[in-house]
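The letters A, B and C name the chains in turn, as written, and every chain counts its residues from 1.
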Amino acid sequence: MLKTRYLAPVALVGAVGIVGVLAFSPGAVTAGATPNAVSAPTTTLPQLTTTATTATPIGQPSVPSASGVLKYNAPSNQTGLFYVELPKAFEAPGQALFSANCSSCHGPEALGTTRAPNLQGLGAGTIDFWVSTGRMPLANSSIQATRKPPRFNRLQTLEIAAWVQSLTPGEGVPVPVVNTNQADLEAGNTLFTLNCAACHTITGAGDALTDGAYAPSLHLATTQQVVEAIRSGPGNMPHFSQGNITNTEARDIAAYVDGVIQHPSDRGGFGLGGIGPVGEGFVGLLLGVGVLMLVCFWIGDRT
Amino acid sequence: MSDESPHLEGPLPPAALDDAHLQPYARHPEGAQAVAAVAMIIGFIGFIGFGVAYWIGDNTQWEAITLGVGLLALGFGATAWGKYLMPQGPFVEERHAFHSTEAERDAMTAAITERGGMVVKRRKLLGGLFLLGSTAMGVVLLFPLIRSLGPKPGDTLFKTNWKKNSQLVTVDGRAVTANDLDVGGVLTVFPKGFEGSSPDQVILIRLAQLGPFDPPYPIAPPGHTAWGVQGYVAYSKMCTHLGCPVGLYQEQTQQLVCPCHQSIFNVNAGAVPEFGPAPRPLPQLPLTVDSAGFLRSQGGFNQAVGPGFWERP
Amino acid sequence: MIDSSLRWVDDRLGIAKGGRTFLDKIFPDHWSFMLGEIALYSFVVLLATGVFLSLYYIPSAHEVVYHGSYIPLRGQRVSEAYSSSVGLSFDVKSGLLMRQAHHWAADIFLGSIAVHMARVFFTGAFRKPREFNWIVGVTMLILGIVNGFLGYSLPDDLVSGTGIRIAYSIIESIPLVGSYLGYFLFGGNYPGNGVIIPRFYILHVLIVPLLILGLLAAHLGLLVKQKHTQFKGKGKTEHNVVGSPMFPTFIAKTTGFLFMVSAVIFLLGGLAQINPIWQFGQYEPYQISYAVQPDWYMGWLDGALRIMPSWEWVGWGHTIPLEVFLPAVIFPGIVFNIFIIWPFIETRHTKDLAYHNLLDRPRDRPKRTSAGAAMLTMLFMTFFASSTDVMANFFEIPLNWVLWFFRFAVVIAPIIAYVLTYKICNEMRAAEGVGKRKRALIVSRSSTGEYSTVESEPRPGDGVEELEAIPVPTYIDLVPPELATGEGVRRVMR
């Protein structure tokens, strides 16, 4: 039954199928993600469905994991989000790290040069976002910095942030500490759809902006980075201040990103990249119709 | 193509059982049967599996695998039976001309033209009146089908619920003050009382941190500087191309991008389209701040919002 | 027993003669003739899964609070349409399998119509006497596309709701009557008074499927009456059909194929997620997601809308939004009209009024094949243009470049395709034995030094020896040959 006449069509459909599966697998389609990107600190996989009619809390507290900072107790206030002032002891090592790694572009006082912007007044949270996502130090000057494995560990990152903050005390976005234990996933869902989906897509896959910029995928962001980004508006992202998105709302959005965007209910099977009909059309036409055409090829004759 | 339809000249002699055409196609029919049989058994097991998967849980993947394997295997078995084990043929049948003979065609034409002509020519008045009545019926029966569906637009396409001093609120009804947004902030707002209303959706952007006594932030034409306030500017969120919400704000390049078809609007110049299919700028909403610090509209839009339509001047 | 039942029925309905003819009907065996069956059987699956879904889906825009088992939606005010669709996906046993199988079946239905239509086009099967059938087929394609759009808009989710907004604006763009039509259809200014969901529903489950079923009956009926076309070959003429009989061979193969088509659809339906509406959320007209494309069969229209320059005609107190009207109304109108009248375009050009029951090889009609290739290329360009943002993201090139590329490609690529296809057709016709394995040349040298060549024998697998086709036997002598007396044939009496 196996004749050589099947070789070409099966190889064609198979090759297209493999390319399609690789192209639309979760890692490949996320904007700006490089193959070696560090994954977010693992939380237990949240349960997205339940038969109970009362909402169950999900997720675990996201606190900075570097030693020294753990002195800050798990937050007990209602909003689940509060901002910390980094210890003064961080500033000296921070300055040393900054002058060794950052001052060549940002200047010794972080005032900026022709190559890089002024960092004064941006706040420790902003610095923490850029450095902890690995976007800084910049690998090569392109249109938009890409997320990559961070150069510094958590403690070093916070030290650098502390030093830059110390140049303009009280200004800019401080480092947030997010506890998603009491987060309202439904509120996060609504807020995310209204404020975030237009750029990052409703599944957080990210997409292209104008002139080579892009809204990155959210699949690797920690809850802390989500809040830092919301408040500091990196790059083309708008700045959402507390009058726009309150602390509770920011916490809910972070919980939604962590719990649902990063662990979607893919109840229907293989997720096909989460970009909707583009992936589906590819699979439906090339695998669905393609395989059936192969079956026709088997059943029928060539003459 | 012959005009005659050949008929069977009496029954054909019966075919012999060992006629080559009646033999199976497979070179090893027993082997082919075994393969088909195994396939059908797998099919049977698959269907039983689906039954089990259905009853013991609701795992979509297992339901699909069992049902799919069942159908695939049983189908494969049936197809293999047909292709490899049934009489291989080939068989032939004649195509007979299915069109009628000239005489039949003439008779048909005559039936219509002669009998019809005879009647209608004699009773032209009746024919004409019937036609008139039927046409009238056809036309007026369209009225309920089409007109009853919905209201006439009138001038409602030109009006929104933004009036003089309408208060800007978020979709949750929270009033927006002049201090709410940072520079680079963006918010979707509605007139108070009409939260969530599609034609009223407005995107509010803060371009600069300006106080009540600072000179206004310049917005180039076709925008209006006087319609901004304290660094805020507001545009209709409905894209002038096809009505999608223009929710994508690029803070660094100061552009609004419509996610549907990537029309790009310049926020600093009255949301004039710079690229993409949108034809007109997003209508600007004139803003003001009241004595309590809440943002309000100076009035409604000066044009219809959203995509173009015939009545739009 | 079969004999007596048949006689009983035939006394009342007279079906024996026609029935016999029907059972003897010959189906040619070429694999490309089965593409229409993929469409037919995926339609069967659509009907079956559709019935299931219609028992749970609630076609109402009325708002309810979601209380189902998907937590991130709990407590949200959503339409009943959305709530019941999410309910189907999470809280109805095998509901998600049926929903996804239904959606995959729709994609495959339209995909197989496209390849089937291409086969019919490129082999000239639409020529006399089959012009009616071609028109019926194109009409079913249009109705299928419409029904697909209506169907995936029913769950009222963020992605499909955006499509409905775009559809409203397209209707609105029609000169003179656009705003009226939009208000009538939706019950007011967008989003209307909520009546659009129930209207889409009744169109999707009743009106359009009835139209498709009627046309399908006509399509198959014409096929029975006019008989199938076939490729040229040994023993095949304009006046016969060679292949397998309906009963038992074709019925066995086609029933098996029905199961296999269903298998592929259900395997996709449970293993490959499609339209996960719970991830998208309820549609609100002031919310939007990025990377939103319609289903593939609407993609060519979305692409046309994206690449169209922003030409809007304004004058004398009126506006015609050409940037919408041209790509979304005129363009598909022209394309579908070309499809429908193509048999007549071709007859006009070739002046060929003969009956054609034998098919062309595409290479034998280079102009038709090239025109078809050019049209397909243009449709592919508009189709790919629908995913400009996804492509810019995936290949990491600026969005603006992608858009400009497609603006030129949609015009230039079909021209290139036409020229290339024409040349390839002519090359293939000129080359002897294209596609067949060449026979070796055995070179021998004579004693005087001359070289001579002789072609080798064909390889055993090549040149399949086919039997001469015979009519379907009326009776088969079921007595094995070794028991036959040799003086004649005994018929087995039952």
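The rule is simple: contacts are C-beta pairs under 8 Å (C-beta built on N, C-alpha and C of every residue); 3 or more make two chains touch, one makes a residue touch a chain.
Note that this is a predicted model, so its numbers are computed, not measured.
Engineer: Where centres are the averaged C-alpha coordinates, which chain has the largest centre distance to subunit C?
Structural biologist: So the farthest one, by centre of C-alpha atoms, is A.
Engineer: Looking only at C-beta pairs that count as contacts, which pair of chains has more of them, A-B or A-C?
Structural biologist: A-C
Engineer: I'd like the most central chain, judged by C-alpha centroids against the all-protein C-alpha centroid.
Structural biologist: Checking distances from each chain centre to the full centroid gives B.
Engineer: Return the distance between the CA-based centres of subunit B and subunit C, expressed in whole Å.
Structural biologist: 17
Engineer: Counting only Cα atoms for the centres, state how far subunit A is from subunit B in Å.
Structural biologist: Here subunit A and subunit B have centroids separated by 32 Å.
Engineer: Using Cα averages as centroids, what's the distance between subunit A and subunit C in whole Å?
Structural biologist: A distance of 40 Å separates the two centres.
Engineer: Using the touch rule from the top of the page, what residues of subunit A touch 2 or more other chains?
Structural biologist: Those would be 194, 197-199, 207, 209-211, 215, 267-269, 299.
Engineer: Provide the list of subunit C residues touching at least two other chains, using ranges where the numbers run on.
Structural biologist: Subunit C, residues with two or more chain partners: 29, 96, 100, 253, 256-257, 260, 264, 268, 270-271, 284, 286-292, 389, 399-400, 466.
Engineer: What are the residue numbers in subunit B that touch two or more other chains?
Structural biologist: 60-61, 64, 79, 83, 171, 188, 245, 247-248, 259, 262, 275 - these are the residues of subunit B that touch more than one other chain.
Engineer: List the residues on subunit A that touch subunit C in their complex, please.
Structural biologist: Interface residues on subunit A, with respect to subunit C: 3, 23, 29, 31, 47-51, 53, 55-56, 58, 143, 185-186, 188-190, 193-194, 197-203, 205-212, 214-215, 256, 259-260, 264-272, 274-278, 280-281, 283-285, 287-289, 291-293, 295-303.
Engineer: In the complex of these two chains, what residues of subunit A are touching subunit B?
Structural biologist: 1, 194, 197-199, 207, 209-211, 213, 215, 233, 235-241, 243-244, 267-269, 299
Engineer: Touching residues of subunit C toward subunit A in the complex: what are they?
Structural biologist: 29-35, 37-38, 67, 69-76, 89-90, 96, 100, 104, 107-108, 111-112, 115, 158-159, 231, 233, 253, 256-257, 260-261, 264-265, 268, 270-276, 278-281, 284, 286-296, 299, 387, 389-390, 392-394, 397-400, 461, 464, 466
Engineer: Touching subunit A in the complex: which residues of subunit B?
Structural biologist: Checking each residue of subunit B against subunit A gives 60-61, 64, 79, 83-84, 171, 177, 179-188, 205, 245, 247-253, 255, 257, 259, 262, 264, 275.
Engineer: Show which residues of subunit C lie in contact with subunit B when the two form their complex.
Structural biologist: Going through subunit C, the ones touching subunit B are 24-26, 29, 93-94, 96-97, 100-101, 162, 165-166, 168-170, 172-180, 182-193, 195, 225-227, 235, 238-245, 248-253, 255-260, 262-264, 266-271, 284-292, 302, 305-312, 314, 317-321, 323-324, 355, 357, 388-389, 399-400, 403, 466-467, 469-481, 489, 491.
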